[in-house]
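Report on the structure given below.
In this document, chain identifiers A, B, C and D correspond to the written order of the chains, with residue numbering beginning at 1 in each.
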Amino acid sequence: MSVTRIGVLTGGGDCPGLNAVIRAVVRKGVQSHGYEFTGFRDGWRGTLDGRTVKLDIPAVRGILPRGGTILGSSRTNPLKEPDGVRRIKETLAEHEVGPLIAIGGEDTLGVAARLHEEYGIPCVGVPKTIDNDLSATDYTFGFDTAVQIATEAIDRLHTTAESHMRVLVVEVMGRHAGWIALHSGLAGGANVILVPEQPFDVDQVCAWVTSRFEASYAPIVVTAEGAVPRDGEVVLKDSSRDSFGHVRLSGVGDWLAHEIERRTGHEARTTVLGHVQRGGTPSAFDRWLATRFGLHAVDAVREGDFGKMVALRGTDIVRVPLAEAVATLKTVDPARYAEAGVFFG
Amino acid sequence: MSVTRIGVLTGGGDCPGLNAVIRAVVRKGVQSHGYEFTGFRDGWRGTLDGRTVKLDIPAVRGILPRGGTILGSSRTNPLKEPDGVRRIKETLAEHEVGPLIAIGGEDTLGVAARLHEEYGIPCVGVPKTIDNDLSATDYTFGFDTAVQIATEAIDRLHTTAESHMRVLVVEVMGRHAGWIALHSGLAGGANVILVPEQPFDVDQVCAWVTSRFEASYAPIVVTAEGAVPRDGEVVLKDSSRDSFGHVRLSGVGDWLAHEIERRTGHEARTTVLGHVQRGGTPSAFDRWLATRFGLHAVDAVREGDFGKMVALRGTDIVRVPLAEAVATLKTVDPARYAEAGVFFG
Amino acid sequence: MSVTRIGVLTGGGDCPGLNAVIRAVVRKGVQSHGYEFTGFRDGWRGTLDGRTVKLDIPAVRGILPRGGTILGSSRTNPLKEPDGVRRIKETLAEHEVGPLIAIGGEDTLGVAARLHEEYGIPCVGVPKTIDNDLSATDYTFGFDTAVQIATEAIDRLHTTAESHMRVLVVEVMGRHAGWIALHSGLAGGANVILVPEQPFDVDQVCAWVTSRFEASYAPIVVTAEGAVPRDGEVVLKDSSRDSFGHVRLSGVGDWLAHEIERRTGHEARTTVLGHVQRGGTPSAFDRWLATRFGLHAVDAVREGDFGKMVALRGTDIVRVPLAEAVATLKTVDPARYAEAGVFFG
Amino acid sequence: MSVTRIGVLTGGGDCPGLNAVIRAVVRKGVQSHGYEFTGFRDGWRGTLDGRTVKLDIPAVRGILPRGGTILGSSRTNPLKEPDGVRRIKETLAEHEVGPLIAIGGEDTLGVAARLHEEYGIPCVGVPKTIDNDLSATDYTFGFDTAVQIATEAIDRLHTTAESHMRVLVVEVMGRHAGWIALHSGLAGGANVILVPEQPFDVDQVCAWVTSRFEASYAPIVVTAEGAVPRDGEVVLKDSSRDSFGHVRLSGVGDWLAHEIERRTGHEARTTVLGHVQRGGTPSAFDRWLATRFGLHAVDAVREGDFGKMVALRGTDIVRVPLAEAVATLKTVDPARYAEAGVFFG
């Protein structure tokens, strides 16, 4: 009887914990079941082009604490490539790969769902989104790390807020979901937290800024990069150009700092953490979660339970249908946002 | 109508996040409901002696990121003190305190449960145990911080394990429950993890040590302080004395290092993290959890839902009966421990 | 005989280590010599207005690891205030303060130099500049902390540089001196380092970016906020407006990212660390340096050696004339910058 | 004309920054001068056995932030091996290696000094000792990292010292020199600092402990592992056995905690950081220093200036004769230790 050979790939943006999943998958598969593994390079692209990486135990040694992914990643959608599915099937056949473990976000897992349902390719998904916006799982790995990094930055800004009289604006990740802003803002003791789900009123922000100054110190404003002002205010976004072709570079953080200065008369400064939030070593929580996701993904393969994604529910790892897992975005609901309101101003 | 005045106390051992709870309780209570707060010093002792701390918004400013507790703590059990309940009632009456919010572990909450049930004192509990061994909640704050600190230490030891040929033993907290050892061992990539729940076989440990050397590098052994050898081995514990009155200072970490050296011939060294794990600034996760516990404890008071403890279930804060919450210890079950076994050796 | 009472003040921008100096000054003065201390609030402003803070041993307890300054700070120059010197003398007389210990940068110490030389007020200076640009001392405290924070950010960005194909630009502090950029760029393994002392050629930067992509991964570009392009390129600076009155917010980091994208076709992203670099707990090195500066400043007072600034030379603390200390800016010389060139591209 | 091929080796114990030196040596040598490099495995042992590692630019990519050494290390002294010098010469000839760059401490550099002086092998030394006890250089890399790690541990212990009434003893590295204890004790705000250079009086330690309790909180005692009590007190050292063959495991930290408990009646707890201090990623300072040492070692080779060691003096890298560099141990002198005394008790 031939050995089972499993394909592994990572898709989408960077996220601390990807390597921890890969390592756990390989350790568990090889040691418990004698499986073999083939890594595909750069997400789905590697399944189209047949570019592979050998994945055995020496290959995954030492990668647990390392950010990024040893397999590389891409945003390639094979279903939009000519002959995509046929090329994937040929690649799998050529490398004698049976099931696939796909580690990625909405897009990557959406492809896995369709490959399984429509084309009969046995897939197991592992959820990955730094934004924590997948509704089928309590948490995704990478999120805790991003929140911790943002919180440490906010901690350092408190010093300046206390010693000087400057409003400090911190722009954190989150285009569509404000989880990083909400969690790091709460953990860091921010005085205003802005999320994409709740368009903000600049005058209200300025009122909080002013009341904070009256009560004690300078305020810290944490804003998700995707937060938007209410009522027709326009935030100039990345690299737009004005009618003279001049570059206007700015995100909501810079825009807010400017508006606060203009409206309240208080000096304001911006910190834009950017990719710092999604690189580097994962937190202990994310390593633990990523490792358990990897172990349980192999269990799913072992049991032939395809078309599923592993997910965290409480402290248990469960399985949910891939199709369902990627159906809706988990956004910050108004009740959870309101909970934080007691700390504003 | 008179204002509601709520008593707050923290009991038991140090745990990062206590101040975050106190801050959230006061912010929510004052700003949303106009409550007043009285802090009792040093846990239940303050309710016996009437030693109090004023808790208003300025008093809780800036304490979110600080370890320890501004209220102090103790292990005093007022039910074992002469006239304890009467003295508590007098103190509460004197300070015009109605409900109590008690933040603590098994012992502190056990007292709260009995004060509520048997003596009619309205209590709400907030769970606190660095060991994460309360069965009614997915997590307690402080645990994530301890795991992160232990994981960072293990990360640093890997360097030495790779460059030199020394077995490295790390003793982490956990007298009765091995959660810190399990999580930090998994997150740190330990080659052996020992927990109190599963008496260990020293020969098995040595076999893992030896196989690890053969496979690659020197091994890292993570042991809970409460781990014990199987089959009559005796670990010399803190400050015991031999028959000459000589001091023999050592915990299981030192003992293991010695046994591994003796049995395998490989040099071994020990790191004992000790109180480093329970002091200092809480992780972002712990601040978030502690803050939400504090907010929801005030909700419970508001609703008159006494005799309850706030608890984390998934991403929700729920309430459970105090009596039930402290009934059983949440230990590492064999299945969860077995999950980690694939990384041993 | 009356006791010696010494005034202490901190001036200029935030800098980790200020509190460590204050603590050391007070501990040494009180315990070794029985001195008393009066803190003046908000730099020289406090000496004008007579706003003071009691500085005894309880007042400095626990401040060693804390960023900022318990005395507050300002950029007030009393020599430019009406009647400034007379008001200072009145304040000192009123509070029975003899010598002054002034902790600050070029401006603060320049005032101290003139107060001592021209007006006979006995002053001892402690140098403080996060930019490390004082020529009389090997290092100033705060600098090591800033470099460490920037280096940790760069570390995290390497992950993304490896996994994705994006140029990552990091803007660090340094308007006139590039020490933070040079040290963090070297320590973080940056592929391009830009400093204010050496106007850069954007085409050369793009050539390095391109060659780095060819050799291995995406490049990391570290730029001091004060770095400027050669040959008439114009960088849009903070909050400028175009002819329609639209805000154009951007520093050199954003500008560079845009130019690199435009000229090389590679995507680029920017991280602006901002005040994160100057807040929060000081590194061990900075605490050690600040503490020793404080101890030696008291020695200078003890010996009546006024008009001097304490300075680090090798591992020794020495004294240099205040006037000389603030005379020239210590910038990155071409030889030191050239040393780093081997890592570019 | 043939290319210059340079040998590189790392000897002695682990030390963060070794890889940073190797990388800088290779980058500079290859890019500026077209040199080739051969790494010898496991210190001098590799020069005896001819075990080598290819050192080109891809080989050193990404190693800057990594602890340990990609070359491995050992304590082998080739001058004590039969035919050692002849075997080294044969190995060098076989691999066509001319000059050697030896990175190590007293022992490794002592060998380099003799190989150069007595046997005409051209050597350049790079100093490495985590204990900072080489007299010819202001600092050695690795030291700053160790001090930072110890300081962060002490920071966390302050919380417990404040909340509970326990003496906390921290044992840090330093068998013969107390620099790590002195710097981390000062930076961490320890209440007692013990170094090997000054035998301590246990009663004096207990007096400081007691006075600290009276003044404020519980004390933190930092002790170098090599600190010894005065007047015939005996500290039980690693793995000694009593007359029954029972193991008595303990260092000075455990011993002190026990004595303090016994003599003052205050509970005491010990943290033994162990190898955590010498593993893991180097601090920014250490990376900067190690990188500059590497660059300047290549300069020395280029100039044919053999028999020298690179050293830090102020902010300059200088060269000193190898023989002189290893002649004396740089210990904590009484004046520097006395400076810290103002913080004791």
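The criterion applied here is as follows: contacts are C-beta pairs under 8 Å (C-beta built on N, C-alpha and C of every residue); 3 or more make two chains touch, one makes a residue touch a chain.
Owing to the predicted nature of the structure, the values given are computational and were not obtained by experimental measurement.
Greatest Cα centroid separation from chain D: this falls to A.
Rounded to whole angstrom units, the spacing between the C-alpha centres of chain B and chain C is 40.
Remark: chain A and chain B have CA centroids separated by 30 Å (rounded to whole angstrom). The mean-CA centres of chain B and chain D are about 35 angstrom from one another, to the nearest whole unit.
Shared contact sites, meaning residues of chain C that touch two or more other chains, fall at 155, 158, 162. Chain contact topology: the protein chains form a single closed ring, every chain touching exactly two others.
Across the complex, chain A is touched by residues 27-28, 31-32, 57-58, 61-62, 64-65, 138-139, 144, 147-148, 150-152, 155, 158, 162, 183-184, 186-189, 215-216, 281, 283-285, 287-288, 291-292, 295, 313-315, 339, 342-343 of chain B.
The part of chain B that touches chain D in the complex is made up of residues 13-14, 16, 66-69, 72-73, 149, 153, 155-160, 162-164, 166, 168, 236, 239, 242-244, 246-250, 254-255, 257-258, 261, 269-280.
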